[in-house]
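Next, two complexes with chain A in common: one pairs it with chain B, the other with chain C.
Right, the complex of A and B next:
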């Protein structure tokens, strides 16, 4: 009884995951087709870059600035405890930021800022029959709705990660000077000695992958939204929950992969 | 000709349409009546492939509705314009963009002048002035939005028009205007239409044929005159409920 229930739940989840993955593939193919046919939806795409990316700058900068400060304090405590000196704090904090926290925290924040919105928008378009209307006008909803959001979100994830990393590292320099007495020159020397190009590449790849998950999971929830208004809220919530989970799992897989190669 | 053959559709094991068969020939104006929730919208959506039947076939002209053939489906959707029960305008673009969307997406007209002329022509048909063109759909009243959605459907000049409750939510003057429009399109332009409606007066005045649905099946299919004298309870209820006495 319990086993069949669990089994059915598992099949449903796996089915949903595969369907989401299929939507990801369709979106990428649809984008390639737009580029090849020179039917690129420039206006929608620029609008989404603005809505998803530019409008998220402030919250990212503030949040990641504080993460940068926290890391310095926390790592100084760890290093003093274990190694009895704190000269490597800048290097450790910058590496952790670039390889891990930068992309993950930025994209989790981005998920809560835009994932719910995309799911609710597409969900209410479904209930109000706008999606059916698009199909009647011979416009593919993936082509018209998902591709611009996909590009906008990947753009937002990568640029916001880079911007917030810069802010966090600058914040770290400031706090390190105040608390540890490390001069900014010394700080950046250590940082650049340890943080190398592969770490940055690692960071960009991660944020691009995470950014590409957000609109796909959200759009999937929107497309499969039920037909009452509560369903729109449910789709938005599920979009954030699923995306956050997928980002954390993808982060593990990518980290594993990067250390393996 | 639209031909529906033994159409069955259920949702979650709940049978909505069972063995529906009828055909609509060129120039007819068929009104489909039935209580809320009987499956009228589902029936219309089946015709254009927005909902897929569990069994049975539908052909529009000589083309079979088949989700596996996107090109043919797109052609059917061009030849069969569907006006939705709710306006379903795209709320992120202006009224003008909404009306010309289909023209652009299908590449029917390319010159900006021709597109603008077509948009204005259809807007006039539904009795709206050009001031709404630059407005966003959400700025308009429900009745106006609905008329815009009719103009959007008319823009690609379909051969078949499917209306889902076109006059629900409209004032009596707009209702009369729309009935006149449907009649004109049928009589003058030879458009074939299927109208889902609760409005028995419109059905008797405009329709050339009435189909009554109940419990997933067709309980009446005939001329308006026959409908008036029908002995079927639901047909009588429809006429009494709306205060219509023949």
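Right, the complex of A and C next:
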């Protein structure tokens, strides 16, 4: 009896997982198909680049500036504790920012800012049957809704990551001069002795991958939300949770690919 | 019109964000050494057998001042021969033209270590003014750094032999050390005990004797003494030449009858 119940539950769960997975793949493939056509809705794409990128600059600058300062203080404490020496704090903080924290924190912040919005927008369009209306007008919802947001999100992720790095590194230089007595020349010498251009290239690739995950996951949650208003909220929450999780998993895989193989 | 103005404003901000990121990437690339606005440098090839941890991007210094970086490291397919010395590594370095006047044919190219974690760099010692200046494309032989692993390996062998020697002669060494200990103990007792006064007297007498000897030897160095010594030497030399018949003849002339053996 119990075995039968467990078996049914397992089959249902596996079936649900497979159905979700194939829906996911189908969303991604539709988007790739639209992208390969190289016909973008310029006005909508520009609008999304503005909304997702330009309007997120301020929050990213403030957040990443503080992350850079926090890193200097924390690494100085740890290095003084272990090595009784803090001359390499700038190098390690910059390396950590470029290789990991820059793209990850920027894209996690971006997820919480835009992921929920995309899922809620598409979800509410679904329950108000606007998606059906688009289909009736022969407009592909993926082409109309997802592709511009995807381009905007990748643009936002890459540009905001680079700006965040600059803010964190220059902010770190200021704090290192105040707290550690490291001159800006010494700071940048140490930083750029360790941080190499391939690190920056990997950082940009990471941010592009994370940036592309945000609209895909959020749009998927929006397209597959329930038919009442509570489902829209649930879709928005799920979009943020899942995107954050996928970003962290993707970060591990990319770090492994770039540095461990 | 207002919609169009808003669109233009958005285009401006998206463009501004994009341009800011491009400028930041160029600055990062320049600071990381991936791109250089001034390509005016000496390209010098240095041959080594052991790179000692040098990597692409490692700094090159002349008299301790950073003047360039290592741009390429390659293995030579067939070991090159320079002055009957085979080398297997070719390191290409870019050196700023401002250092060119002192990088000469007799300059030495050392691989050094700096900082607490031992970052590696190439140090060029300035050449003499008599030697010709190195021109771009010149190939020189670098000074191989000491191989710490080899030193450790050799040290390990030496320590192994010392250990074997100690194991084989443990009894003899123990006896020797025991004897030494007793000897030192006896000497200590002698110096601290009743004999101390006698030893002090002995040392005092020895001091007086050496003082007298010093005085005698200085008197012997007097010109009159030297002359007297020379005369005695000459007399002995002449007496040595007097043989048996001569002596008999001399004595008979004075009416002395003697039998000389």
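Just so it is clear, the second predicted complex is superposed on the first by the 220 of 261 C-alpha atoms of A that agree within 3 Å, B and C clash if a C-alpha of one lies under 4 Å from a C-alpha of the other, contacts with A are read in each partner's own complex, and residues count from 1 in each chain.
Criterion: contacts are C-beta pairs under 8 Å (C-beta built on N, C-alpha and C of every residue); 3 or more make two chains touch, one makes a residue touch a chain.
From a predicted model like this one, the values you see are computed outputs, not experimental measurements.
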item	value
Superposition on chain A - do chain B and chain C clash or fit	fit
Contacts of A:49 with chain B and chain C, given as first, second, both or neither	second
Partner chain in contact with A:163 - chain B first, chain C second, else both or neither	second
Winner by number of chain A residues touched, once chain B and chain C are compared	C
Chain B versus chain C as contact partner of A:87, first or second or both or neither	second
Which of chain B and chain C A:260 touches, first, second, both or neither	neither
Touched partner set for A:137, first chain B, second chain C, both or neither	first
Touched partner set for A:193, first chain B, second chain C, both or neither	second
Closest approach of chain C to chain B (Cα atoms, Å)	11
Chain B-facing residues of chain A, complex	128-130, 132-139
Chain A-facing residues of chain B, complex	45, 48, 50, 74, 77-78, 81-82, 84-86, 88-91, 101-102, 105-106, 149, 152-153
Residue numbers on chain C that touch chain A, as the complex places them	7, 10-11, 13-14, 17-18, 20-21, 24-25, 27-29, 31-34, 57, 59, 115-117, 119
Touching residues (chain side chain A, partner chain C) in the complex	43, 46-47, 49-50, 53-54, 57, 83, 85, 87-88, 155, 158-159, 162-163, 165-166, 188, 192-193, 195-197, 200
